[in-house]
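So that you can tell them apart, the chains are marked A, B and C in the order they are listed, and the count of residues begins at 1 in each.
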Amino acid sequence: MASLKVYIISRLILSIPMIFILLTVVFVILRILPGDPVLAIVGMKASEEQIEKLREQLGLNKPLWAQYVDYVAGILRLDFGRSMIWGRRPVLREIMDRFPATLELSISAFIVSVFIGLTTGIASSVKSGKVDVALRIFSIVAYSLFIPLLGMLLQLIFGVYLRWLPVAGRKSPLVDIQTITGLYVLDSILTLNFRGLVTSIRYLILPSITLGVVLSGVYTRLVRSSMLDVLSRDFIRALKARGIPEAKILLKHALKNAFIPVLTMMGLQFAILLAGAVLTETTFSWPGMGTFLMERIEYRDYTTVQGTIVFYAILVSFVSLVVDTVYALIDPRIRY
Amino acid sequence: MLATTLVKIYKKRRIDFLLTVAGLAVVLSILFIALLAPYIAPYDPYVSVDEALLPPSPKHIMGTDNLGRDVYSRILYGSRTVIIVVLTSTLVSLVVGSTLGLISGYFGGKVDRALSIVMDSLYSFPGLILAIAVAAMLGPGILNTIVSISVVYIPTYFRMVRGQTLSVKNSLYVEAAVAMGASHKTILFQYIFPNVSVIIPVVFSMNVADAVLTEAGLSFLGLGVPAPIPDWGFDLKNGQRNLLAGYWWISTFPGIMIVLLALGFSLLGEGLNELLNPERR
Amino acid sequence: MALLDIENLKTYYFLPDSIVKAVDGVSLRIEEGEIVGLVGESGSGKSTLGLSILKLVPPPGRIVEGSIFFKGRDLVSLSEKEMEKIRGAQISMVFQDPLTSLDPLMRVGDQLVETIMAHREVSKSEAVELAKKYLEMVGIGGERFYDYPHQFSGGMRQRSMIAMAISTNPSLLIADEPTTALDVIVQAQIMKLFEKLRKELKLSIILITHDISVAMEIADKIGVMYAGQLVEFASSYEIYREPLHPYTKGLMEAVPNIELADMKLHYIPGDPPDLSNPPIGCRFAPRCKEKMDICEREVPPEIRVKDRFVRCFLYG
């Protein structure tokens, strides 16, 4: 397996310039665009002195290249800046407070979307005719559903009319959950907290389904086209000629091969997932990175906003690296 | 001639044809509404015309919002806002992205490498979050919203056009043309451009569908089209606080319009894609 | 009793605008331990015939009429599940392009094991041993068991396909253009391999090819197909010595002969007919140098000449 190690290391080395570029692009967007953040923070009525003081505090009076160096050096030290509002708390720490919530939502939504996507995608590729068309239309509709709309409708039906499920937040205020990882479901299991488990799952259902259904629209199409392509390949016919049963061909051979193009897209899917999570969190008042970002934008907490965007950039690059590694694990043609 | 081709397509690929037509119908209807809004809207969407929070009735077929404005009129005028913002930004992305992609792919070298890496990084970043970052820095306003959304989709066109340009440039018949002394201009216009143009309609449709959702997302989050300009995303957010109290019409109608417009363009794109690049079974 | 007895087989493809009669009334008999070459140009229906035997004809094609008796059972009437037991176990098939015939994500040895375990009652470790043995039999070292398909050369891939085909002790092997995608030297190796398998395992082989000279190398009998019909069937020696059907004569003449001084390349002028609208009467008539009036009016039946068949009015 030495070649796998080599691959991971070379991939890591390759991703460094990518992350750098991303950080630089973020820097360009956040600093070079018109709009004076200082004025936005203090308003037009502040005195010259106040403005200067704030500028110095933020390091905005330094030349651009010096700011850039500070910025990069800071990130390398894992210093993403300090909040301009809440007593200069380190931004990274604040992000890490919120990150588990987004992670938990993302994971459950991902599971929902993969489940729906795989079943409908495979069914769509195997059965022709009306079933295929119906499923294709379903996936197009699913992806076009505006997340806040779907979320609100589900809230209305299941939260208000039927009163089955809660509509906002991560857990009931009446229940305490001792946090180890920050993922409430996992923590409840680890601390044998049954009430915690129940409440965290109940609050997770609607947001996960909302985000999951919309995401599945993308997966269905991807799985379907990938399966169609694989099923028309010669080795499938050869397998049939050897008398291998149909189900085995489908699940063991076709799906595995079809999964590769799906996997290569997973990096991009993760980006779509993060974006969708922002809308989902806002709709369901889910205390994750998305609501955090919007909140800080409203408060004009400029440094925190910048730090959060940087965090997103690094997160996406990291996941992309992981996806590529998994891809190398599955497809032997890459390694040898 | 066109009629016979259409009939032939209908016979052979009925479903894809119907999908395309359905998508086209939806899109055209909404465009129509946008054009005729000032003539069909019963009320002024900017002012309060009645009591707030009235349910749908013959007088207000979609009810009134929390400020007493007629929801139906706001929907009609909102279509103009959405269409203008979305089409403008995607066209800007198309022009800028395609031009850069063409130059980058055709001339290659350091410029190409630098541009590619920047575009790839942008492309891999979550679209809506990128739009949020740009919009947050630029501030509110229609023009700023257009810029924010354009930035998100420039890499899409860049990559696509660059890819096509490269594959055409490296193909044998272009090599032959170069060997016969064809000028840059000839190669670009006679060979590369026609090949690239074929895939643009499909990508454009899918792109607009995505842009509709991005625009709605931005406005929903308060970073897009500012009040009191009628906008579906903004109105959706506006109705949220009263939703759980049972006033469902303020958010639902704008939401349905967003989905319809996105759906229309998606169906159009999907249908065109199937017709132009049919899949084998 | 013959191993394989095909009677009046018809396989058509039902396209939206037309019906392509790929195999239109073919009867053929193969004995145990016999190698039969099925020769014809593209579109003659030979591949479809091979696929029909295993009922692998892809939709929109299907068997319309006729029977295929294998060891006394009519395959046409069997269900899909019953066919699965026969495919790969009693009748095996290898295809033209070995590159795309193997699952790229699975080791070659594992694919062999999968086939063996699907049809033989053996444990996993026994299957592994058998797999290695069969790889050796086709001339691939046992240590290559752990390699992936892309690490094999074209010839090796084809040989591993053959190993997979024989690992279940089938009685019949259908080889559809097995060497067309390979170079001449590898081709010779594969042909030698077929001979060896026939001798050691008493394996019957249907060798489908467009190249009559390839078939002549190892086939005992040769069936010549044209436009969905079998136009001549005889031992390869007889075909070589005295081809009867004008088409067969054309094929034999078209084979470039390095020894003859005549440097001209012979070919059969004209094109094969449209199978969705075949000509009335003999299908080769439009291109035939020796055609007579009756040829354009009636379809020639199969005429016995000594112990061979010809579908031509010249002989009866």
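Following the convention adopted for this analysis, a residue touches a chain if its C-beta (ideal position, glycine included) is under 8 Å from a C-beta of that chain, and two chains touch if they have at least 3 such contacts.
From a predicted model like this one, the values you see are computed outputs, not experimental measurements.
Here the chain-to-chain distance from chain B to chain C, counted in touching steps, is 2.
Across every pairing of chains, the maximum count of C-beta contacts belongs to A-B.
Chain B and chain C have Cα centroids lying 55 Å from one another. Per-chain CA centroids place chain A at a distance of 23 Å from chain B.
For this pair, chain A with chain C, the centres built from the Cα atoms lie 54 Å apart. Within the complex formed with chain C, the residues of chain A that make contact are 233-235, 237-246, 253, 256-257, 330-333, 336. Per the touch definition, chain B reaches chain A in the complex via residues 15, 19, 117-118, 120-122, 124-130, 132-134, 136-139, 151, 209, 213, 216-217, 220-223, 236-237, 240, 243-244, 246, 248, 251-252, 255-256, 258-259, 262-263, 266-267, 270, 279-281. Remark: chain C residues 54, 56, 58, 80, 83-89, 92-93, 95, 97, 100-106, 114-115, 118-119, 148, 150-151, 161, 164-165 touch chain A in the complex.
Across the complex, chain A meets chain B through its residues 17-18, 21-22, 25-26, 29-30, 33-35, 37, 40, 128, 133, 136-137, 140-141, 143-149, 152-153, 155-156, 159-160, 167, 225, 228, 232, 267-268, 271-272, 274-276, 278-279, 282-283, 293-294, 297-298, 305, 309, 312-313, 316-317, 320.
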